[in-house]
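Labels A, B, C and D are assigned to the chains in the order they are written; within every chain, residues are numbered from 1.
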Amino acid sequence: MARQIYDKCLRDTNRKGFEAAQVIVPFYVTEMLKSVRARFNEATLARQMSPDTPPPAPLRPVRSATPRTVARFWEKLTQGSASQADAAELADEASVARAEIFSRNIENYIGTVKLPVGLIGPLRINGLNAAGDFHVPLATTEAALVASYARGAAVATKAGGINTAVLYEGVMRTPAFRFDSMLKAGLFVEWVVGNVDRLKSVAESTTRHGKLISVEPIIDNNMVFLICRYTTGDASGQNMVTIATNALCEAISQDCPVEIERWYIEGNFSGDKKASFLGMVTGRGRKVSASVTTPAEIVQSMLGTTVGEMLDYGKVANLGALLSGQMGAQAHYANGLAALYIATGQDAACVSESAVGYTRMEARGDDLFCSVTMPNILVGSVGGGTGLPSQTAALNVLGLKGNGKGAALAEVAAATCLCGEISIVAAIAAGHFARAHETLARQR
Amino acid sequence: MARQIYDKCLRDTNRKGFEAAQVIVPFYVTEMLKSVRARFNEATLARQMSPDTPPPAPLRPVRSATPRTVARFWEKLTQGSASQADAAELADEASVARAEIFSRNIENYIGTVKLPVGLIGPLRINGLNAAGDFHVPLATTEAALVASYARGAAVATKAGGINTAVLYEGVMRTPAFRFDSMLKAGLFVEWVVGNVDRLKSVAESTTRHGKLISVEPIIDNNMVFLICRYTTGDASGQNMVTIATNALCEAISQDCPVEIERWYIEGNFSGDKKASFLGMVTGRGRKVSASVTTPAEIVQSMLGTTVGEMLDYGKVANLGALLSGQMGAQAHYANGLAALYIATGQDAACVSESAVGYTRMEARGDDLFCSVTMPNILVGSVGGGTGLPSQTAALNVLGLKGNGKGAALAEVAAATCLCGEISIVAAIAAGHFARAHETLARQR
Amino acid sequence: MARQIYDKCLRDTNRKGFEAAQVIVPFYVTEMLKSVRARFNEATLARQMSPDTPPPAPLRPVRSATPRTVARFWEKLTQGSASQADAAELADEASVARAEIFSRNIENYIGTVKLPVGLIGPLRINGLNAAGDFHVPLATTEAALVASYARGAAVATKAGGINTAVLYEGVMRTPAFRFDSMLKAGLFVEWVVGNVDRLKSVAESTTRHGKLISVEPIIDNNMVFLICRYTTGDASGQNMVTIATNALCEAISQDCPVEIERWYIEGNFSGDKKASFLGMVTGRGRKVSASVTTPAEIVQSMLGTTVGEMLDYGKVANLGALLSGQMGAQAHYANGLAALYIATGQDAACVSESAVGYTRMEARGDDLFCSVTMPNILVGSVGGGTGLPSQTAALNVLGLKGNGKGAALAEVAAATCLCGEISIVAAIAAGHFARAHETLARQR
Amino acid sequence: MARQIYDKCLRDTNRKGFEAAQVIVPFYVTEMLKSVRARFNEATLARQMSPDTPPPAPLRPVRSATPRTVARFWEKLTQGSASQADAAELADEASVARAEIFSRNIENYIGTVKLPVGLIGPLRINGLNAAGDFHVPLATTEAALVASYARGAAVATKAGGINTAVLYEGVMRTPAFRFDSMLKAGLFVEWVVGNVDRLKSVAESTTRHGKLISVEPIIDNNMVFLICRYTTGDASGQNMVTIATNALCEAISQDCPVEIERWYIEGNFSGDKKASFLGMVTGRGRKVSASVTTPAEIVQSMLGTTVGEMLDYGKVANLGALLSGQMGAQAHYANGLAALYIATGQDAACVSESAVGYTRMEARGDDLFCSVTMPNILVGSVGGGTGLPSQTAALNVLGLKGNGKGAALAEVAAATCLCGEISIVAAIAAGHFARAHETLARQR
C-alpha cells in the first residue's frame, strides 16, 4: 500500500514541482528528498523497513566477566563483521587478563578502547582547593585540542597562575509525587516540611559521605517534585544521591498520611545528564569559578594578538551565544571537559550538563581579565571510573587521586577550561583558528 | 590588607549572625562559608592565592610523538606525583610502540587511557540507512549503563526492530562580520547574496566531500552572521566546514566592495560543542528519528511494568523537563551517546550538543509507541578518531567503518538512545531504578 | 476525609518540626504553609473547595452590542459587587453610544476602560521606513515610564536621531499533521514539496495582502509541522495567516494521497503569543534594528553619567540576562512596547513575544553606540484595534495610520524601545533608578 | 561613498546572481533585498539616513498635568499629523477634566485611550483565596478573544468550578556588586550573610507591607548578584521592592568593610518585565495553579469535541512548545492576562513575564483534567493603576478592589487563563479555530 501511495506521490511531485518548490522550500529539504528517492525503490523499502526474518535472540548478559566470557563474545562477533585483528585490538592481552577488574564498571565486557592522552602544563593554579603546578592529562582523538589548551596553560601560568574557587556544592535528585488533587499535594508538602529532619536522617543513613543539604518542593497542581540536594564528599555522587533519595521516598511512602497515587525516584527535573536552566541558575554538582589577568605583553608575545582584539571578539562571541539560544556563553568548555573526564575516569556523559557556563573577558587597565564560571562540574577523586588502572594513573599525574581531592579536581577542570577559552578566543581573534586546524588536524 | 578586611568580616559575622541568617539565606550558602572559614587562615590564604615562587616553564610541545618523547615526559612526571606504575599503565608497551600513530590525533602524547567496552545487541534496526542486526559497542566506566541499554535493545528487537531515518543533514559554521553601520551590513548581505554561487564554488574547492547547501544571513544592526550549512559526506565534518568557510571568508574579504571592519571564522553562533536552541530547532549535523512500537506483553514480560505505567511516568518526565528548563525532553541520551562516541572514535565533546532531543511515548492500541528525534547527531564513519586501532575495531564490530556508512552510524546512535530511553523509563516506572544502581554500581 | 488527613498532618508537623525544617527547607515554603494554616480550618476548607450551591448559569453571549445590551449587563453587575458609579465609569455616555463600533472588536461589551496617554518626542528617526520627527503616544498606568522614555528620546534626537531598518518580515502559522508512521510522514513531506506552488496559490487566494514566502517542514517521527511564513502587508496579520493556512491545510487534506490521521491548524509551534527561541532565532512578524551613537558630552549633560559608566553597567546587565536564563538580553522593552501597542490599537498580548531581543552598547571612540534588534515586532497600521476612535487618533499623532505605514510603525516601536534602554541604563549606572521611582511613582 | 559602494554592489549582484542565490539563500532574504532596492536610490537614501535639518527640541516635560498642559500639547500636535478630531478622541471632556488624577500615573499626559471591555462569567472559582462566582472584565481589541474565554468559563463553571491556590509568593529585586577579585566577592558574601538580619530591618523600614523573605547570593567570579525576594502584601510591589532594596544596598555600601568597586540596584537578573528561566523555575510574583475536571458529556455538548480529541491535540501542542523552544508549554495565556491586566489597572508590560507556565491535560477516567500553573503572576488589588476611575470600576465588577484581595486576584488571573486554554484547545481539536476567527474577526 505504501508503494501505491509512494507512486502517487512521485507522479504528483514531478521534477518541475520540485524546481518550483525550491523558491520557498529550503534547499536542504529538496536535496534530502531527492537523495532518498534516488536510493529508494519498492524492493529496498520493503526489505529494510519490515524485514521478514525473525528477530535475533539477545546476547546472554555477562555481569562478571572472565577471559572466557570475553572469548565467547568474540567468537560470535568474528562470525560477523569483525575480524580477529579487531578482537586483538579491543581484547588485547592486558584487557583480557583484567576482565574481572573492568567488569566492576561495565557489563557484557569485550575489551578496552584505547584513547591517546596528551599533557598540558605545568599549569599553575592558585586556588581555594587546588594549589600548585599541575600536569593535566587530556584524552582526545581530536588533533589540535591539546596543543590549543597547552598554549592557554602556558599563557595563564606565565601570567602568574589561575585563581580558582568552588563556590557551591550540591548534587540533586528530584523525586516526583502524584496526588489526586492539588489539596493533597499541599498537605503532602506540609507533612514533608514538618518531618524533614527525620527524612534527612533516613537519607543520610544510606551513605557515609552524603549529606542532604536542601529540600525544595516544586508544586505543579497535583504533582510535587522535591529537589533534594546533597553534598557528596569526594565522589561525584550520582549513585549516592539516588540511593539516599530512594530511602527518603520509601520512608515518605510508608509514613505520610496523605495518599500518594504514585511516586518516582526521579521526575526528570534534576538535570542529570542534560543541560538545563535549573542547573545553570542554581548549580548542580560543584559550581567553580576560575580567572586570570594576563598582561598585555604576554597576549602579544605568546598569543600573537592584542587585548583589544580579544575583547572585540569576545563581544561578538557573546552576541552569537545569545542570538543562537545557548545556555550561558562560552566557546568550547566541552572539549577540555570531555578530555579531562575521559582521562581521569569521570562520567563522560556528564559533559552534557557540565559544558554550560559563562566566560567573561574584560580590560583591566591594559591587561586582559578572563574568567570562567561553571555551575555544573561533576567530578570525583574517588568512585566511578577513578579506580581503573589507567584512570588512576592519570589522576596520579595530577596528584589528585583519593580522599580529600574532589574539590581540587573540580577547580582543575575549570582552570583547564579557562586555558581553552583564552587560546581559542586568541586564535579566532588573530585569524589563526582555521590554519591551526588545517595544520594539525588535516595535513598530517 | 585582605587579612584585615577578612578579620573585620569575621568580627561582624559572628556565630549568632550566621544562625539568624539561616532563616532567609539558603543553608548551602552558610555551610559553604563555614567550611571555607574552617580551613582558611592568613597563612594558607597568602600561600595559596598569591604564591611567590616563579611560575614554572611550560613543557616543550611535542607534535610528532616517538617512544623517546613519551619517555621524556614520564621522566618529568615521575619526579612529581606519578609513579613508575602509573607510567606503565598509560605508557604500556603497545601505546609506546604506536606513538606515531596516536600522535596524528593528539599532541604531547604520553600514552593511552583504557576504557572498558561492553556490548549490546544484536539490535535489529530497520532503517533508511542502517538495516540489519547490530552489535553495538559502548565504552563507559559507569556500571549498569550497558545492562540497561542491553535490556532496551532486547525489547526493541523482540518487538520487531527499530525504524530509523536521517531526516536532515547539515553541519554549520557561522562566520561573523562587523561593519561600521547597519547600512553597510545591509549592502554586504546584498553583495553576498548576489555572489553566492561563486562563494559556494570557493568553499567547495577546499574539500572533496563537503557541499555548501545553505547560506543564511542573520543581521544584528552592524553585525552579520552567515549561517553556512554543509553536507559533509561520511565524516562528522567539523574541520572540513572550518576550512571551507575560511576560504569563503577570504574570498569575501578580498572581493566584497563593502568595507568590513573585522571578520571572524566563527561568531560562536553555530552551536559547535554546546547545546543551543538554534541546533535544536534547525538541526546541526544529522537529524535522526528512531521509533518502535512494543507489544503490551513484551513490556510486561521483559520490563516488569505495564504500558500504562510507562505512559504515566512519561508525562511526569516530560513535565519535569519543561519545569526545569531543559532543551527538548528526554531521559539520558548522553549516556548512550558518550559510550558510543568514545568506543567508535567520535568527538566525545560533541555529546554536549548531541544530547538534545525529544522522546515521545504514546499508546498505540494496547501497545507502546516510543520514539526519539535527535537533531544534532555528529558522527563519522571516516576521519577523526575512527582510524585509530581499537576505534576501528569497534566500528568493525558494528560493520560501519569507512565510506558510505556515516548516515547508518547516525541511525545506530539514535536507535541506541531509544533503547536507553525505553529501559530507564521502565525502570523508574517500575520502581527498579535505584535498586539496579545499588546492585550493579555499588554493592560489587 | 481531607479533614482527617489534615489533622494527622498537623499532629505530625508540630511547631518544632517546622523550626527544624527551616534549616534546609526554603523560608518561603514554611512561611506560606504557616499562613495557609492560619486561615484554614475545616469549615472554610469545605465551603471554599467544594461549594454545594449549583453553579450559576452563564451570561447570555452578546456579539453585536447595543446600548440595551450594555445596560442589561450592568443591571446584573450592579446586583453584585459593582455600583452605579462603576457602571458610569466603564459605560460612560460615549462608550454606550459607540457600542456597535466597539463590538466589532469584542464580545459581551460592557463599556471601555480609559488608560492615560503620555507623549514622548519629537523623536527623530532616520530609517528605511520611518523617516522624520515623531511624537510617540504611550498608554500606561506606571508612573515614571513616560518620563524615562522621553528622556531617552531627547538624548537620541539630540544625537542626530535613530537609524532604523526592518531586516526581515514573516508571520508564522504552523499546522501539525499526524501520521501512523514516520514513512508516511516522509511521503507527506515529499508530496507537499512537490505541490507547494499550488498550495501557495490556495493560501494566497484567501487574502489580498498575505503572501506565503516559506514552507519549512519539521519532522518528529510521525508528526510533521509545516512552518508557513507570510508577509502580511500593513496588518499585523495574525488572523490573515490563520485563514490562509486553514485553506492550505484543507487543500492538503483533500488532495494528498498520503493518509493523514489528524491535522491541526496550529501545532503550538509558531510562537504566537509567547516568547520562543524559534521566534528569537528566525524572527516572527518584523525583525527591526535601531541604533544611535550618542556623543560623550550629551551622555554627561543629559543623562548625568558617563559613557564608561554606562558600558560598565551594560556588561553587568548582559551577564545578569545570561545567568538568569533570559531570551536575548535587554532591559525593559516590554514597558515601551506595551504602552505603544495599547495606545495604537495593537494586540497587547503580543508583548509576550515582541519583548525579546538584544540591546548592545559599545564604545565608538569616546561616544556611546547603542542598538536594539527585535526579531518579533507584531504591529499593523491597519486592522485589529487600529480602527477604533481613540486608537486611530493615537496613530494619527504618529502620522502612521493606514496603508503603507506598517513597516514604519515597526521601526517606531524599535526606536522607542531604544530610547527606553538608553534611559534606564543611564539611570541605573548613575544610581538614579530607585530615586526616580520614589519621586515619580510613590511620593505623589 | 555609500553610493559608490552601493552601485558596485548592484553591478556585482545582477539579476542572474540573485536568481542563482535563491537555491541556497532563503527566499525571504532575496525578497527583502529586492523590495529595499526597489525603493532605494541615492536621493532617498541620503535624505532618510542622514537628514541635514537640525534635530527638533524636545517637548517641555509635564509632570503635573492640567487641562491647560493638555491643551498645549494638542496645539502642537494638531500642527502636525493629528487633527482636531483626534484631539477630541483622546482629550475628551472627562479625560481633560481628570488630568490631575491621571497624571499621578503618567507624565506628559495628553488624554486617554479607550479600550473596549467584555465580560465573561459568572466563573465559579473554588480557591484558597478566591471563592465565589466572578464576572471577569477583559479589555481587548481582538475579536473572538472574549467569546473564547467566555466559552471556557461556562464549561468550567458547569463542571463545578475551578480550584485555585497561590503556591508561592515573592517579588525579586537583584542588585549587583562588582569587586576587584573573587576573593573580595567571597568576603562580601560572608559579610552580608553575617549581617542579614540588620539588612532585613533596613529594607523593611522603607515599607509597611513588604517583607524580605530571602537573600540568595549568586557569584560569578568577582561579581555578586543578591537575589532579594519580598512578599509585597496586596500590591504587585515592583516599586516597593526597588525602594527597599535600594535602602539595603545603601546600608551595605556604608557598612561593609569589603571594598565594593560599584553596585547597581538591579543587575538585570530578576526577570523584571521579561520571560526568564529563573522566574519560571523559582517563581516571581505569585505562583498560582488552577485546575478543573470536566465531565466527558460537557466536553461534547459545550465544546463540540471529545476528551480524546483534546488529549490528542494536547500532546501535539506540548511537542510544538518543546520543539520551538518555548518556556513552559501553554497555548495563549498572554491573551487573557493582557486583557485582565489592562482592564484592572495592572502593569500590562508584566504580561511578558506572566505569560509563562504549563498547561496540563490528562484523562481522569472518562473526563478531562486540565490545569494551568503560572509562576509569575504580578497583580495587585491596590497601587499602580488600580486607583484610576475605570480600572477601579473593573476591579469592583470582580469585587476585588482594595486590601486583602491581591491573592484572590492572582487566582482569578490563573482561572481565567485556564478558561482560555480549555476553549482554544477544544477549538483547534475540533477544527473550529480558523472558522471562529473568520466569523468573529474578519467578516463583520
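In this text, a residue touches a chain if its C-beta (ideal position, glycine included) is under 8 Å from a C-beta of that chain, and two chains touch if they have at least 3 such contacts.
Note that the structure is a prediction, hence the values are computed from the model and not measured.
Note on connectivity: the fewest steps through touching chains from chain A to chain C is 1. Where chain C touches chain D, the two copies mostly use the same residue numbers: shared numbers make up over half of all numbers in play. Contact tally for B-D versus A-B: the pair with more C-beta pairs in contact is A-B. Measuring from the averaged C-alpha position of chain B to that of chain D gives a distance of 36 Å. Once the centre of each chain is set as its mean CA position, chain A and chain B turn out to be 7 Å apart. Contact with two or more other chains is made by residues 24, 26-27, 36, 49, 163, 167, 183, 186, 213-214, 218, 220, 277-278, 280-281, 318-319, 321, 323-325, 327, 329, 358, 360 of chain A. Chain B contributes residues 22-24, 26-27, 163, 165, 167, 181-183, 186, 218-222, 277-278, 280-282, 289, 291, 325, 358, 360, 371, 373 to its touches with chain C in the complex. On the side of chain A, the complex with chain C involves touching residues 2, 5-6, 8-9, 12-14, 17-18, 20-21, 24-26, 29-30, 33, 36-37, 49, 183-184, 186-187, 189-191, 193-197, 200, 212-217, 257-259, 277, 280-281, 315, 318-319, 321-325, 327-329, 358, 360, 362.
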